[in-house]
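Everything on this sheet refers to the single structure shown next.
Lettered A, B, C, D, E and F in written order, each chain numbered from 1.
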Amino acid sequence: MTNSKAASFPIGKLSIMLAVLQDHEWRKDVEDELTAKGFRFTIGRVGAMDIIKVVTAIETAAKNNKIIDSESYREIHAVYHAIIEAIQSIGRGVVQFGDILRTVGLTFSIVRGKMDGALEHSGEWIAVCVYGTIGAPKKGFEHEAIGFGFNHI
Amino acid sequence: MTNSKAASFPIGKLSIMLAVLQDHEWRKDVEDELTAKGFRFTIGRVGAMDIIKVVTAIETAAKNNKIIDSESYREIHAVYHAIIEAIQSIGRGVVQFGDILRTVGLTFSIVRGKMDGALEHSGEWIAVCVYGTIGAPKKGFEHEAIGFGFNHI
Amino acid sequence: MTNSKAASFPIGKLSIMLAVLQDHEWRKDVEDELTAKGFRFTIGRVGAMDIIKVVTAIETAAKNNKIIDSESYREIHAVYHAIIEAIQSIGRGVVQFGDILRTVGLTFSIVRGKMDGALEHSGEWIAVCVYGTIGAPKKGFEHEAIGFGFNHI
Amino acid sequence: MTNSKAASFPIGKLSIMLAVLQDHEWRKDVEDELTAKGFRFTIGRVGAMDIIKVVTAIETAAKNNKIIDSESYREIHAVYHAIIEAIQSIGRGVVQFGDILRTVGLTFSIVRGKMDGALEHSGEWIAVCVYGTIGAPKKGFEHEAIGFGFNHI
Amino acid sequence: MTNSKAASFPIGKLSIMLAVLQDHEWRKDVEDELTAKGFRFTIGRVGAMDIIKVVTAIETAAKNNKIIDSESYREIHAVYHAIIEAIQSIGRGVVQFGDILRTVGLTFSIVRGKMDGALEHSGEWIAVCVYGTIGAPKKGFEHEAIGFGFNHI
Amino acid sequence: MTNSKAASFPIGKLSIMLAVLQDHEWRKDVEDELTAKGFRFTIGRVGAMDIIKVVTAIETAAKNNKIIDSESYREIHAVYHAIIEAIQSIGRGVVQFGDILRTVGLTFSIVRGKMDGALEHSGEWIAVCVYGTIGAPKKGFEHEAIGFGFNHI
């Protein structure tokens, strides 16, 4: 059974698969597992030279898709730091895109739910994954990159 | 046909899948595609508090598995910078593990081959992906993370 | 009345005062306000060239003084990131002490409680403040510095 | 006597108290000690998403209030690096505000004078402290932070 | 013989001399050695508060002067990372100019050729050196700085 | 006349030439200019995987050669920050050598004196330049790099 294949994917891996698989048929298995586990999740896309647009796109998607409560600063603080971690992760040492003449074309995923593992009662966590291309603002003059942030929520 | 499913995975995504899928049955499809494309690749594991052990483990795996020519400084320079990018990527703003009391348990993949896409003749590239857990040196007090580096070789 | 003087100090400012005031008589007012508000707090000292000792000292103080539940990874994750922020804050661009030949002599405070302000229901937060000297490992060849980290818990 | 209470505050601590106390009655004691010691000091406020506005506001206040000689590059160099340290300190790992969708509302203090301590003849130093809120550009969706820079002048 | 004096300069040193010597008579010796070795090289100038202008100026000079093949993403990737390294190098901890109120007036050099040394067959490398002033946007309120990046190409 | 050739070299450029030229005959002209201008200067070498050894070597050379007054914290603070800037500059984004499996073999120069230029009365400054190789701890598997720090003293 397809669903069982992905049964052991923890929350972070699910967010990675979601961002990476895009239209691949495996994505259905990933989404099935997310649903079966009761996780909240969403996928979006953003292309930008300005980091602020990437932060805004992900934060807005988290709010609009009810991954977080947009009235709760606590939840916004949690997702914000996960987003910044994901941007630091994809930036690899420089937290800048357009300022250093690189543009990004990203698919992002946000997943909220419990962590698997040895510990019970650890509450909910939020994973943000960004996958796509980073490079010069010219078609084909770019390469792949992935970033990931994680936080308790 | 299973193989066709993964047919569109570019080099970076293949390295991500390789590091993330571990014993999942999908990994065979990924390896089949890597083989079909003539890519050189390897997978390894490393757990450490010292970054130097992570760098050494990945660089040694690249040499021992003939992903790179261990006599060529040029190739070692290429993989070295891809490794450092991957470590910056998983570190999310701090290029330190044990120094700030965190340990990592990582599966890493190295993939070498041509980039897909609009451009011909762009030669070979190398992708390094690290996936696993990062956190306190205590079982279960850690969370997932992923890092990725990429370079021309 | 002395106590009323400090009545408007929010959680972060209380942690700053706690770390900075040391034996000054104003500290009693700060502690009175902390107690009146039902905040959990502690103060400690650490001198080190290794960041790991600073992280360990603060994290251990948080556990031993019941500021956080030492069995909860969620709470440890929250205080850990607040500690790292405080170290980045005092490091001012370099997250290293002994590696670059500087030593620190720090008083640290940890405060946990509700945030004041416009928002209700935002739950508990944790503030970590480190204050002291940073400089050469030679008496008097050092200057003051302060660092601060903050997180939802 | 109130003044004696603060008698042992060194230059950095005075700058921290000045930035943090705002309208609290303790501030008078701090200002009295600053005056008694012959220190030059000033306080200002700046709210911004652009770091350049924060740098400019502090540097301009230092010049306009004669904390530094605005015709001396040497003095401007000293205060500039203290300002950048303070911004790195409040930024905690990322030297950006608006670019990553965060805004700051800061009170800053600048203090210039001699360092206390074991060493004589160490000349004058300058402390820059920034205290306030950092967070989303939405009332209440922000938390406290402090930053501190220090330099010989 | 003048030319022999510089005979032992490796590629990086040649790029440094080229950026630093400007109109000094020694520059001719450096250029003679570059020519004798068959290295491709160019010199340019850029003054800016925006990093993107510096990156663009150097990358464009590399293309226009045929140091790299502007149709090859591989070569652009190589020079891009060398440029970013040079900017990190001159920035000394902060990869920002105008954002933190500093401007740069730079002479840059780009040199492409073989590395000298113990190893044969290591192919071609590219060195980017930037030298000039960094400081406040006011004549004379600035000081010298140098940055250097290096990559295989 | 040879001496006149270098007559226009400002302090930073003199430190760069001193670190880079080594046994080249031009070095004499550089030293002549340094002497003519009344600058204090020294040259040293250090090979290390630990940053602390590099910092110590440069700081010790500054003290032993009377470039700075080893009893003055003020002067040590000035040279210390110039050294850290030089290390950040040569590190290009990562302030680590051995921790990320790279070693350095450096020639360093320290120059103290007045700045040339439009401004009078700007007092003394200190330049620290490091030039050499950085790379794997294996002969020939390394490339050139340069770093530079500057401060008022």
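Keep in mind that, in the parts below, a residue touches a chain if its C-beta (ideal position, glycine included) is under 8 Å from a C-beta of that chain, and two chains touch if they have at least 3 such contacts.
The structure presented is a predicted model; accordingly, all values stated were derived computationally and were not measured.
Annotation of subunit A and subunit E: jointly contacted by B, C, D, F, touch as defined at the top.
The interface holding more C-beta pairs in contact, when A-B is weighed against B-D, is A-B. Both subunit B and subunit C derive from one sequence, and where they touch, under half of the residue numbers involved are common to the two copies. Between the two copies, subunit C and subunit D, the C-alpha superposition involves a rotation of 180 degrees in steps of 5.
Here the CA centre of subunit A is 44 Å from the CA centre of subunit F. The centroid of the Cα atoms in subunit D and the matching centroid in subunit E are 37 Å apart. Computed centre separation for the pair subunit E/subunit F is 19 angstrom, with centres defined by C-alpha atoms. The set of subunit D residues that touch two or more partner chains comprises 73, 77, 88, 93-96, 99, 119, 140-141, 143. If each chain is drawn as a node and touching chains are joined, the picture has every node linked to every other. Those residues of subunit C that touch subunit F in the complex are listed here as 94, 96, 98-101, 135-136, 140-143. Put simply, subunit F touches subunit E in their complex at residues 5-6, 8, 10-13, 16-17, 20, 24-26, 85-86, 88-90, 92-93, 95, 115, 117-119, 125, 127, 129, 131, 139-141, 143-150.
Contacts from subunit F toward subunit A in the complex involve residues 93-94. Chain contact summary for the complex, subunit F toward subunit D: residues 72-74, 77-78, 81, 119, 121-123, 151-152. Touching subunit B in their complex are the following residues of subunit C: 50-52, 55-56, 59, 73, 76-77, 80, 84, 87-88, 95-96, 99.
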